[in-house]
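In what follows, chain A forms one complex with chain B and a second complex with chain C.
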Partner chain A sequence: MDKRILAVLGIAALAAVPQFGLGNYHLHLLITVLIWGFVYTSWSVMGRFGMVSLGHGAFLGVGGYVVTMLWNSFGLTPWVGIPIAIVLSMTMALLVGYPCFRFRIVGHYFALVTLALGEVVRLTIVGLRDQTGGSLGMTVEGVPGGTSFLALQFGERATFFYLALIVWAAGLWVWRMVDRSMLRYALEASSEDEDAAASVGVNVTRAKLMITMLSAGMTTIGGALYAQYQMYINPETISGIGISLQIVFAVIAGGLFTQLGPTVGAMFTLLLAETLRVTFGHDIHGLDGTIYGLLLVLFIIYMPKGITGSIAAGLVRRRGAPGAAPAAATH
Partner chain B sequence: MLKVQDLTKRFGGFVAVDRVSFSLEQGEILGLIGPNGSGKSTTFNMIAGMLKPSAGTIMLEGREIGGLAPIEICHRGIGRTFQIPRPFRQLTILENVVTAAFFGQRGHVSRTKAHDHAEEALALVGLPTDPQAEVASLGAAGLKKLELARAIATQPKLLLADESLGGLDETEMNQAADMLDHIRREKNITIIWVEHIMGVLMRVVDRAIVLDHGEKIFEGLPREVAKDPKVIEIYLGTEKITFQEGVAT
Partner chain C sequence: MFDTFLLESIINGILLGGVLALLALGLNLVFGVIDVVWICYAELVMIGMYTIWWLFVFYGLPLPVAIGAGIAVVALLGVLLHILVIQPVLGTAPINQLLVTGGVLFFLQAAATLVFGIEFRNLGVRMPVVEFGDMFFSFARILAFATALVGVLLLWLFLTRSYLGTAIRAISQDREIMPLMGVDPRRIYLITSAIGGGMAGVAASLLVLQYDVHPAIGLSFGPITFMVCVMGGLGNMLGGFVAAFVFAQFISVGGYFFQIEWGYVIAFAFFIAMMFIRPKGLFSR
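Entry: the complex of A and B
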C-alpha cells in the first residue's frame, strides 16, 4: 500500500481514539507518548547523523521556562512565547554549534560539549530562583475555567490529545522532509568523512548547523508543550542530565534510523517507567535510572538498530533479502 | 590553465617541497611522479587545499588559489580523488556521486540535473547507475572508480588523481590508465596524475614531472623519462628502467 495512504489512515485511526471513551489515565499515557515521541524525533533528526547530543534538556528547558515565564510574568500568550523560545534555542545552538563544527569537535567530544550545555541551562534555572522558582519548579498560571486557546490550556484532555497529535505528526513530517532532502546527503557524507565531504563541495559546518538548529527548535516546541500539558515544570524533570540521557536511551531503544523509531522508544520508556512505578512504587530510588543504563548497554550491543530497526531487518530477511542482492561487485 | 610558481612547503626545518614550478595546458594530462617522500603528495595536497603553501603561488586560470580551503578549491573547479578511497558508506553508490554533483555546484543545480551529472559520471567510469547499488558491493578497483566518478561529478576543469593505481593488479592498472585518458577526451578535463609507479602511467600522460626530495629533477615527455640518468638513479640505482614494466619503489 502507498505509504502516504497508510500514514493518513494511521493518523486518522489515532485521531478517532478519544471517541472510544478512553479513560483519563489511558489518554494521559497516549498524550505523554505523543509529546515525548515528538521530542525524541526532534533529537533523532540530528542524532541519526552521528551528532549525539547529551544536552537536549537545554532546549526543553528553554521551551518550558521561557514560555511559562513570559506567560506568568507578562501574560504573553504561548503563541508568541513559543516562537521567542525557538529563536533563543536556535541562537544557543548556533553559539555552541558553530565553534564545535568549525573546529571539528565530533563524537565523544561533541557529546561532552552538549552535556555541559544541558547543565548550564539547568543550573541557570536553579540559580535564577526568584524568577524560576529554582529547584522547586514553577507552575503555569491557569486560566479561570481551565480552557483558553490563547493560553494554550485545555481543561479537556481530549483537546490536548489532538494538539499533541498534530505536533507529533508534524515532527514525523519534518523527519521525512529531512530524509528526502539533499541535506541528508551532506550530513551522511560529513558524518563519515569531513575531508572527503569538503572535497566534493559540501559545506560541513553549515550542514551541521542547519540540522542542529532545526533539532533545537523542534525540541523547544516539545518543552513548551510538555509545560502546557503538565502545568508544572522543574529543572530536573525538564532540563536535568537524566532527561537528556533518557532521550538518547529512548531513541536508541526505539530505533535511531527509522521514522517511527523515536516514537516506539517513547512507548517503550513509558511502559518501562509505568511498570516500575506500579511494581515498586517509589521505594527504590534510582531504580529506573539503573535499569535504563543497563538496558542501554544491552541495546547498543545486541540491538544497535533499536526495536524498529531490528523488526525492519527481520522483515527484509523473511522476504528473501531484496536489499542484499543488487549490484554484483564491479571490478 | 594552471600555473604553479616556486611552490614551497616547510614543516619546521624540513623542506618537503622546494620551489617547484610547472604549468599545465587545457586538456593535458601531467604525470607527477617520484618515490615515496619525494614531495609529490605534499604538492598535490597544496593544490587540493589540504595544506597551505609556505611560499609560492598556485594560479588557476589567472587567479590565485593557494591556501584556499578544500571546499573553495572544489567550487573553483578542481576535483580530487583520494589515494585510499574514502567513500560515503552510509549512502548508495549513486547517492555518493549525486552528493558531489549537487554540492560541487554549490547546490545551485536542480536535483534532476545533479542526478543526470551523477549518472553520466558513473557511466564514464563504468560503475552501475542502479540506485540501490551499495558501496559495500565494490572491490578495490570499484572504489577507485567511485573516487573518480565523485570527482568528475563536481564538473571540474582540473582533476587531481592521487595514486589511482595503488592496490590494483596489472589489468586493472591498464584499465585505470585508459579510463583517465578517456575522461580527458570525453570531458576535456585537464588532469594531474600523481603516482609513484611509472610504467602504465607513461602510456597516457602528455608530460611527466619527477620529484625527488622536494625538488623537480625532471620535466619532459614520457618517453624521455626512462632515459634520464637522474630518474634512473632514484628509481633503480644505476640499472636502466624498462618502459612497460616500470617498477614500484
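Entry: the complex of A and C
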C-alpha cells in the first residue's frame, strides 16, 4: 500500500511544481521530459518483451501529422483527430504485426521490418508534400488568443504541463496494468520460447498483437501531444530512423525493465543534450552528438540494464536478498 | 507504344542495382559470419567518401591513390569497430549488438559533422555522359555497375577457392564446431570485418563519383541496404544480389511513374509484403 501513497505523493509534488514560479525554460524542459517520458514508456511496453521495434517513428508521425492535417484543413478538433489517428496507427500495427507474429519474424528481422515501416511513413509524409509541406515541415494553425480547449492549444505553459503530466501518469499506469496482467506472463514466456509458450496454451500471435497495438496507440498520442506542444512538426524529427533509434537508446539508457526507466532515460538524454548544448554552444557543430553517440556505445557495453536497472540491482545486492527487490524492478 | 524514357529508367535501375548489390555484399558477409548487423554500415561508407574527397581535394592526391587509401581506411575502421565495439558485446543479447552499432551510427554522423561541417562536398570531377540511341546514362553509374560485378565475382572466388575463404564459410555454418577443428574464430572475425569494411570502402569510392557527400548521407541509402539484405535473407549473398536488382527496379521505375519518394515507398512496402510471403528471405530453404 505504501507504494501507492508514494506514487500519489510523487505526482502531487510534481503537480505543485509550476506554482513555485519556475521560468519558462525550466517548465519547457519538464514538459519535454514528460512528453518523451510518455513516448519512451509506450515503446518499452512492448520493447521489454524482446520485441524491439525500430519503427516507432511511424506511429509518432501518424499521431503528429494526421491530427495536424485534420485540424489545419478541416478544422477538426484534436479531440476527434487523436482517436482517428490512434485507429489508423493500430490498423497499421495490425497489418504489419499480424503476419510478423504469425510467421515468427523475431529478433533482427523484426527490428528491420519495423525500420522499413518507419521509413514508409517518413517517405509518405515527404511524398505528400502538397498536403504536408514535405521536408520543410508543417505548422499547427494557432487559434487567436493562443488558448483553446477545443483546439488543445494552451498559451500558458503551466496548463500544458498539467496536460502532459496527466498523460505521462496515465502511461505509467498502463505500464503497471500490463506488468500485473496475465498478458505479461504470456509474453515473457513467448519471448523465451514461442513453442513452449504455445504448448501451454498461450496464443502467442494474439498476445503479441495486443501489446503491439497498445504500444502503437500510446505512441500516437505522444506524437499528437508533441505536435500540439511544439506547434511545428517535421518528417525528420517525428518519424524516420533517427527518432526511432533515439527512442530505443533513451529507454536502454534509462532502463528497459523498470517502470520509471524510460522516464529516467528521457531525463538523462535531455539533460545530456542541454548540458552539451549550453557548454559547447552551437558554434561547434556535431560535438554534442559525438559525445552523445560515444556515451550510448559505452552504455550498451558497460551498463546494459540502464540507470534504473543498475541502481535496482545495486540495492538488491546490498540487502543481500534477491526476493527483496523493489517492485519497480520486477523482472 | 515503345517508351524510351521507361527503358532508360529500367536500365538505370539495373545500374543502380549493381551499387546496391555491392553495398549489401559487405553487410551480408559480416552478418553471415559474425551474426551481427552493422546498423552503422552506411556511415562507414560515408567516412570512406569523406576520406576520398579529403585526400583528393585537399591533398591533391591522384584519384586512384585517394580511392585506394579510402578503401584501406574503411577496412581498418571495420576492424576497429569489431575490436572496440562488437567484441565486448558478442556474448550478450543479440539486440544489444544491433543497438551498439546504432550508437556508432550517431557517433560517426556527428563526428563527420564536427570534422567536415554540414556542407555538401563533391569531388568536382566531371564524369562523361554516355549516349546510346536516345537514352543518356551517367558513366559513373556504368563504372559502378561494372566494379560491383567484378567485386562480387572476386569475393565469390575468394570465398570458394581460397583456404581462408573456406574457413570463413565454414564458421558461418557452424560456430561451435569450427574452433574444435582448429580455426581461430577471433582471427576469422577480424578478417571478415576487414573485408566487410573494405567492401564499404569500394562502395564509397563508387558513390563519391555520383553523389555529393554530407554527414547525413548514410541515412539516405542505409535503410535500403538493410532491406536488400533482409529480403535476400540475412547472410545469403546470392539472395542479396538478386534482391538488390529487384529493389533498384522498384525505385527507378516507381520514380519514373511517380516521384522518387514514391519509388522508395513502393519498394519498402513491397519489402514488407515480401517478408510475409518469404519470411526468411527470397531463397530460404
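The criterion applied here is as follows: the second predicted complex is superposed on the first by the 309 of 331 C-alpha atoms of A that agree within 3 Å, B and C clash if a C-alpha of one lies under 4 Å from a C-alpha of the other, contacts with A are read in each partner's own complex, and residues count from 1 in each chain.
Here is the rule we go by: contacts are C-beta pairs under 8 Å (C-beta built on N, C-alpha and C of every residue); 3 or more make two chains touch, one makes a residue touch a chain.
The structure displayed is predicted, hence computed values, not measured ones.
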Chain B versus chain C as contact partner of A:Tyr109, first or second or both or neither: second
Chain B versus chain C as contact partner of A:Ser73, first or second or both or neither: neither
Partner chain(s) touched by A:Gln131 [first = chain B, second = chain C, both, neither]: neither
Touched partner set for A:Thr91, first chain B, second chain C, both or neither: neither
Which of chain B and chain C A:Gly289 touches, first, second, both or neither: second
If touched residues of chain A are counted for chain B and for chain C, the larger one: C
Touching partner for A:Leu117 - first (chain B), second (chain C), both, neither: second
Touching partner for A:Thr279 - first (chain B), second (chain C), both, neither: neither
Residue numbers on chain B that touch chain A, as the complex places them: 48, 50, 69-71, 73-75, 79-80, 82, 86-91, 93, 95-96, 98-100, 102-107, 111, 114, 126-128, 130, 132-134, 137-139, 141-142, 145, 150-151, 153-154, 172
Parts of chain C lying in touch with chain A, wherever the complex brings them together: 37, 39, 85, 88-89, 92-96, 98-100, 102-115, 117-118, 215, 219, 222-223, 226-227, 230, 234, 258-259, 261-262, 264-265, 268-269, 271-272, 275-276, 279-280
Of all residues in chain A, those that touch chain B in their complex: 182, 185-186, 188-189, 191-193, 195-204, 323, 326-331
Interface residues, chain A side, partner chain C - complex: 50, 52, 96, 99-100, 103-105, 107-109, 111-113, 115-117, 119-120, 123-124, 126-127, 240-242, 245, 248-249, 252, 284-290, 292-294, 296-297, 299-301, 304
